[in-house]
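Okay, got some structures for you below.
Same chain, two partners: chain A is paired with chain B first, then with chain C.
Up next is the complex of A and B:
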C-alpha cells in the first residue's frame, strides 16, 4: 500500500468514523441518562436524512438549511417518542424498553419505506475539484462533513459540561432518585436529553446521507458499528463513543486493501473483541463517563 | 414550635413501630433523638420526611400540616432530611453537586443553554457565589473540583449538609451525622452543625453515638420500642432510670 492510498483510506476512515461516532454518541447519551440501548437511533438518523431530501425536493439547495431541517425533525421525533413511549416505560426493565425501541425502529423504517419509497436518493452537492495533496484526493465536501461532525460533538460537550442543564443531565445520569429528591425536574431533563439526542441524530443522518446515498436502511445498517463503538468506548461515555467510532471507522477503511470490501465490518468487530478482552469496561469505561 | 410531631403512630404488618410519638422542635432548636436499635427512629424520620405516611397523628411545620405532602414538597417548605449513608452525585465535582442542588433554576431549560440572557447569567453567578460560600463555610474549598465519589466519609457528610444549605432550609432532619466518619472528624462535623444552627436553622438529629450527640444538643428525646420514654436536657435524660434500663436491657 503506497502512502497516497493509505492517506486516502485514512481520510475515508475518519469520515466513516465520525458518522459511527455521532451515532454512538446518540446511543451513549440516551444510555447514560435514560438507561437503555436505543436501537431506534439509526432509524431516527434516517428520518433526518429524508427530511433533508424533502427540503432539497422543495428546491432549496442550501445544505445548511437541509441540515437544519434534519436537526429540527429529529429533535421533534425524539421528543414525541419520549412522550408517547419511553416516558411511559420509565422504571420498567431495560429489556422491556430495549424491545420497545426495536419495535419503534421497525415502525419508523416501515414508515420511511411507505412515504419515500425504496429507491436511493442523493444529495445534489455541487461538484468541486478535489484538492490534490501529493496524490491524496481531499474532497472539500469531506472537509465540511468533518467540520460539521466535530462541531456537533463540540456543542454536545459544551451543553453537557458548561451549562446548568448539562449539569442536571449528568446529575440524573449519576443518581436519578437523588436528583428527584434534590428538586431536579427529571421530566424536563429528559426532554432536554431527547432534544440533544435528536440534534445529534439529525446531523449524523445528514452526514451519512451526504457521504453516501440516502436509503431507508441507512440508519439500521450503521446501528451495529455504532453499538460496537458505544461498547468499545465504554457504555455511557460520550468521549469514548467518539474515540471508538473514529478508531472503528479507520480500522475498517485501512483494512479494505487486505480483506476486501465485504469483510471490513467484520475486522472492526475483531478489533472490538480484542480490546474488550483486554479492557472489559471499554476504553473510557468508568473514567470519563457522563454519570 | 417550628416542627411539631404530634401523637404519630405507625405499624407495619401488624407490628407497632411508633406509638403516640410526640416531639417538638422550636425554630432554630437543636434537638437530639436516641434509642436502642429497632426503637423506631428511622421510621419516625421516614414519616416526618414524608417518605412513609403515618397511621395516626400529624406532622406540622411552622403551623402547616404536612401530612399529605411529598418529600419534595416538604423540602420546598423548608424541611429537609439527610440520609445515614450520604449519596452525592459521585461523578460530579463537589462544586457541581452544590450548584445542581440549588432550587428553581431557570437555566435548567435546554433553550437557555446558550441563549443565556443577563438574568440567567446573574442567576448562575449567584448560585456559583453561594456554592463558594457554602464550601468555605464547610471547609470543602480544597476539594471543590474533585468528583464527590472520591471524598472521605466525613467530607461526604459535610457535602450533604452543603447540598441542604443550597436550598436554604429552616429545619434539617439529620440522620446519624457521625456514622461512617473517622472519629478524628467528629469535632469538626459537630462544630459545623452548631455553626449552621447558630445561623438560625433548626435540627432534629438521630445519632447512635450518644457522647458526641449530647455535646451538641440542648434537648434530648429517647425512643424505646416505639414510645418516647424520656425527654429534657441531655444530662437529666441520661440519668433517667427508664433510659438506663432501655439501653442495658435493649439489644445495644
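Up next is the complex of A and C:
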C-alpha cells in the first residue's frame, strides 16, 4: 500500500468513522439517560435522510435547509416515539424496551419502504474539483461533512455540559430517583433528551445520505457498527462513542485492501468481541456498573 | 390446499424448534441471545454441505447440532461475563459475522448465488408421500426436543437453570456453579437451532445468505414473546401465530392483487414490528406466560 492510497483510505475512514460516531452518540445519549440500546436509531436516521430528499424534491437545493428539515423531522419522530411507547415502558426491564425499539425500527423501515419505495435516491451536490494533495484526493464535500459532524458533536456537548437542561439530563442519567427527589421534572428532561437525540439522528442520516446514497436499509446497516462503537466506547459515554466510532471507521477502511469489501464490516464485530473478551465493560466503560 | 397446509406445518415446526431453543436460552436462564439465526445458519449450511458431499442425512443432522453447539461454547464463555445489553449486541454481531462469512466464502457456500440442489429425504415415496414423511420427521424431532427440554426442566438441573434466572447470587452462595449451567444451556439451545437449520435446508433445498438475516432472530423472539417466555406450550402457539403472519400475508395478496412483492415484505415487517411493540406494551408475559414478571 503506497502513501497516497493509505491517506485516501484514511480520509474515507475518518468520514465513515464520523458517521458511525454520530450514530453511536445518538445511541449512547439514550443509553445514558433512558437506559436501553435504542435499536430504532438507525431507522430514525433513514427518516431524516428521506426528509432531506423530500425537501430536495420540492426544488430546494440548499443542503442547509435539507439538513434542517431532517433535524426537525427526526426530533418530532423521537418525541412521538417517546410519548407513544418509551414513556409507557419506564421502569420495565431493559429487554422489554429493547424489544419495543426493535419493533419500532421495523415499523419505521416498513413505512419508509411503502412511502418512498425501494429505489436508491441521491442528494444532488454540486460537483467540485477534488483538492489534490500529493495524490490524495480531498473532496470539498468531505470537508463539509466533517465540519458538520464535528459541529453537531460540539452542540451536543455544549447542551450536555453548559446548559441547565444538560445538567439535569446528566443528573437523571446519574441517579434518576435522586434527580426526581431534587425536584427535577424527569418527563421534561426525557423530552429534551429525545429532541437532542433526534437532532443528532437527523444530522447523522443526512451525512450518511450525502456521503453515499439514500436507501431504506441505510440506517439499519449503520446500526450494527454503531452498536459496536457504542460498546467499545463504553455504553453511555458520549466521548467514547465518537472516539470508538472514528477508530472503527478508520480500521474498517484501512483494512479493505487486505480483507476485501464484505469482511470490513465483520471487522468491527471481531474488534468488539476481542475487546470485550479482554475488557468486559468496553474501552471507556466506567468501573462501576450502570445500574 | 392440503399440500399448502402441510408446507405451513413444516415451516411452523421448524420455527417451533428455533423458538424452543431460544426459550431455553432466555425463558429459562435469562441469557439474551440476539444471534439465534447464526446457529440456524451454521446448522443449515453444515448439513447441506455434508449431504451434498454424499454423506447420509443422519450424519448431516448430527453435524448440524454438533457444530452449532460447539460454536456456542466460546460465545457462551464470553457471554456470561457480559452485561445483558452488551450480550444482546455481541450475539447480534456474532450472527452477522456468520452471515458475512457465508456471503464471502463462495468456494464453500456459493456466496450470494446460494447453494442449490440440497438433497431432500424420502424421495422414494413420491411427491405427496415425501411431504407427509417430512412433516412426520419435523413433528417427531419436535416431540423429542420438547421431551428433552421438559425432562431437563423437571430434573435437578432444571431447578438449577431456573435458579440462575431468578437469583444468581443466592445460587452462588449455595455453592452452585451458575457459569457451567449457563454454558450448557446455551449449547443445548444452539444445538436445537442447528437442527432447525438442517430441517430447513433439506426442506427448501436451496440456501442463500438472504435467508439468515437478523430479521429471522426477531421472528423467533416475537414467537417466544407471543407464546410467553418460559412456557413450552407457548412455544408451539407462538410459532404457529408467527407462521400465520408470515404465510397469511399471501392470502392478503389474493384479496388485493395490486400489491407488489416488495410492498408485501414491508407490510409483513410492519406487522411483526407492531406485534413486538404491542405485546411488550400490553401483554409482556405473552398469551400464556409462567407469571414471572421480567
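Definition applied: the second predicted complex is superposed on the first by the 286 of 291 C-alpha atoms of A that agree within 3 Å, B and C clash if a C-alpha of one lies under 4 Å from a C-alpha of the other, contacts with A are read in each partner's own complex, and residues count from 1 in each chain.
By our rule, a residue touches a chain if its C-beta (ideal position, glycine included) is under 8 Å from a C-beta of that chain, and two chains touch if they have at least 3 such contacts.
All figures in this text were calculated on a predicted structure; none of them were measured in a lab.
In the superposition on chain A, contact of A:93 is made with chain C only, not with chain B.
Of the two partner chains, chain B is the only one that A:170 touches; chain C does not reach it. Shared-chain residue A:272: touches chain C; no touch with chain B. In the superposition on chain A, A:181 makes contact with chain B only, while chain C stays out of contact range. In the overlay built on the shared chain, the residue A:231 is in contact with chain C alone; chain B does not reach it. When the shared chain is aligned, chain C comes close enough to touch A:102, but chain B does not. Comparing the two interfaces of chain A, the one with chain B and the one with chain C have residues 289-290 in common.
Touching chain C in their complex are the following residues of chain A: 31, 36-37, 85, 88-89, 92-100, 102-107, 109-111, 113-114, 118, 224, 227-228, 230-231, 235, 260, 262-263, 265-266, 268-270, 272-273, 276-277, 280-282, 289-290.
Listed in rising order, the residues of chain B touching chain A in the complex are 71-72, 75-76, 87-92, 96, 99-101, 103-105, 107-110, 112-114, 124, 163, 167. In the complex of the two chains, the chain A residues touching chain B come out as 158-159, 163-168, 170-171, 173-175, 178-185, 188-189, 191-192, 195-196, 289-291.
Chain contact summary for the complex, chain C toward chain A: residues 32, 78, 81-86, 88-90, 92-94, 96-97, 100-101, 103-104, 218, 221, 225, 262-263, 265-267, 269-270, 272-278, 280-281, 284, 294.
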